[in-house]
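Take this structure, written in structure tokens, and hold onto it; I'll ask about it next.
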Amino acid sequence: MEAPPVTVMPVTGGTINMMEYLLQGSVLDQSLDSLLHRLRGLCDNMEPESFADHETVYLLKGQQGNPFLLRARRSLAHPTAPWHLRYLGQPEVGDKSRHALVRNCVDVAASHSLPDFLNEMGFRMDHEFVARGHVFRKGALKVVVSKLFRVLVPGNTENTEPLSLSYLVELSVLAPAGQDTVSEDMRGFAEQLKPLVHLEKIDPKRHM
Amino acid sequence: MADVMNVGVNLEAFSQAINAIQALRSSVTRVFDSLKDGMKNKETLEGREKVFTTEFQDNLQAVNRDLNELERLSNLVGRPSESHPLHNSGLLSLDPVQDKTPLYSQLLQAYKWSNKLQYHAGLASSLLNQQSLKRSANQMGASAKRRPKVQPSTLVLPPQYVDDVITRIGRMFPDMTIELFRPNGTSAVLLVTLGKVLKAIVVMRSLFIDRTIVRAFNENLYAEDGKLDIWSKSNHQVFQKVTDHATTALLHYQLPQMPDVVVRSFMTWLRSYIKLFQTPCQRCGRYLQDGLPPTWRDFRTLEAFHDSCRQ
Amino acid sequence: MGVTCVCQVPVAEGKSVQQTVDMLHRKLEQLGAVKQGNFCVDCETYHAAGNISGQPPKFLYVMHNTETPLSCLALFEGGPYLTADANFDVLMVKLKSHFQNAKGHKVESRGARYQYCDFLIKVGTVTMSSSARGISVEVEYCACVVPGDCWNLMKEFMHSFLGPNIPELPSIFTTKPEGLYAPVDSTDTMIQYLELFSKVRKQQVVPGSSVR
């Protein structure tokens, strides 16, 4: 079969070019309760939602360039729920005036055959972890307070140990590209959480 | 009616108990009143606190005393009898405004009437059994002789008995599972799953089948509120037709004295749908007619026919 | 989801694709089937870039069906299969350095959707690079979930408007080890479409059969 030409846009559905705006921080275990208390007061009036997710990170190595990274997440609390596959792009370099880290983001809900399928595509598992914590919402803002656990035996989510003595706090918004005003809202919200937690724009590349 | 009035209710104790409740309410009110007023002006701070505490203690003790009194009385009152033939509806007779709402007397009349009807129907049925009629006569004759009138002939059967009958029927057919629910009171609702072909909801009134609805194997059985949906019909025309035929079958299999035989016959008939999509019509030999498979099953031979191919 | 059978119907002799499709429509309408809008099933082909030489090229297919407009099915021939939401297409764009879209290989089947009692019938024109390549007919019997149970019944129905061109029991049902049970998602249907599309792809272009 002849090599078919590469195309520009085969997209039939889906929402293109969504950006994730992100601020991160952490709190020690002992100050978790006061942070949760504060969040309950600040966020939309809803039942606090807890979660326990198992995330597996897959890599696809090509001949050139960076490996392609995908994150597959499944809920341990709701085993019948679909899997969540996430692509995160490189953080946008750019003006310092933006208050949050901005990167391309694609969220896909997928059936349970996802691990097999990624394997067939050539992806290999890089690492995995379990995240347990709470989700809060305020309008479009999403706050996730979670503790990360190391998986001791690959694939066995029963057997885990905490990665550290603190909780990861992430404040994020999904918005179409170019809506930089959301980062203002995020800064405002992060301001209100001080001094319980300092949410900052953290470039993951610097920590690699 | 007279015996309804003294169903073990001690009227004297009743009125005392009502008084006790009133006393309890007023003492509780006093507690909150004093809490609301807080510490009243007194010369010294200690004085204020002391007076407040003693007052609060007194009030709480009063509440305790009244509560004990109420508990003592409530034992005297006695429980309303549960073995009344009309169940809780018997309590209607306690309604003092007889003239405005003559519900109780109407209820009694209806009950008598229905009892009488049951009795006459029983007599008529035993008379008819002696004639050999065409409709389902053979089943009636045979089983009626074997066990004459052993079943209680009223509408009220103990739920335990219904459970037993249903479990026994369920065991007869391995390809059929019957689940029993009691969503509202004692009346049972059966969920019958037949192979991978259909699911039927059968609404019972003690052991009499009241209503049935048939849906496809993969159709939704539960309404949005999570309850068993016994009303909405199937989305598929085949099963709407089968539902119609099943309702006809309910009218056909009638034997008031032996309701369990009726349920068993109905289930045997329903089971013949296990090959709903696999059996061609016994008359025209084809699978489809107007887009529907043979949905009719003969009541006696259980043979499959298209609706328009049966006699 | 009921039991579904997808098959290719040959173009009638001396007729164009469109004329054959019109004839099928007429036959269905005579039977009493009612037209209920349109449908479209499409299939994108991707091939893995940088294949290790010597290995046969591996193809990844992404299919859409208007019956399930918010999801898509991604699959390799012979499995595994993945049902995902429409964002999967966006992900494939991101993956373009690893999986290249073979635009010329896009196949779709478009046409009318008919209902007759508990049957759903979809007569579609299969097109590839904007030329009509054949006719697909999908028949679904919605009331039954076991293919083996209702196959004879479906055959009788298909005979009534396809005449002698009725297909055999689709191999997807005969080869499945876990009994003859149709799953809730439309994987079985889509795999049958994929088989039909690959057959059409290999086939020569019917002369003088540009779309409509």
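Every chain is named by a letter (A, B and C) in the order it is written, and numbering of its residues begins at 1.
Just so it is clear, contacts are C-beta pairs under 8 Å (C-beta built on N, C-alpha and C of every residue); 3 or more make two chains touch, one makes a residue touch a chain.
The chain lineup, named per UniProt: A = Mediator of RNA polymerase II transcription subunit 18; B = Mediator complex subunit 27; C = Mediator of RNA polymerase II transcription subunit 20.
As the structure is a computational prediction, the values presented were derived from the model and not from experiment.
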Checklist line | Chains in simultaneous contact with subunit B and subunit C | finding: none
Next item on the list: Write down the pair of chains with the top C-beta contact pair count.
Entry: A-C
Note to self: Distance between subunit B and subunit C based on Cα centroids, please, to the nearest Å.
What the structure shows: 50
Notebook entry, point to check: Measuring from the mean C-alpha position of subunit A to the mean C-alpha position of subunit B, what distance in angstrom results?
Noted result: 52
Next item on the list: Could you tell me the distance, in whole angstrom, between the mean C-alpha positions of subunit A and subunit C?
Entry: 37
Next item on the list: At least two other chains touched by the same residue of subunit C: list those residues.
Entry: none
Checklist line | subunit C - residues contacting subunit B, complex | finding: 1-2, 32, 116-119, 142-146, 149-150, 152-153, 156-157, 160, 181, 184
Checklist line | Partner subunit C, residues of subunit A touching it in the complex | finding: 1, 4-7, 9-16, 60, 62-63, 65, 68, 85, 87, 89, 104, 106-111, 113-114, 116-117, 120-122
Checklist line | Complex interface listing, subunit B residues touching subunit C | finding: 196-197, 216-218, 235-239, 275, 277-278, 280, 286-288, 290-293
Checklist line | Complex contact set, residues of subunit C against subunit A | finding: 42, 44-45, 47-50, 57, 60, 64, 69-70, 72, 74, 76, 80-106, 185
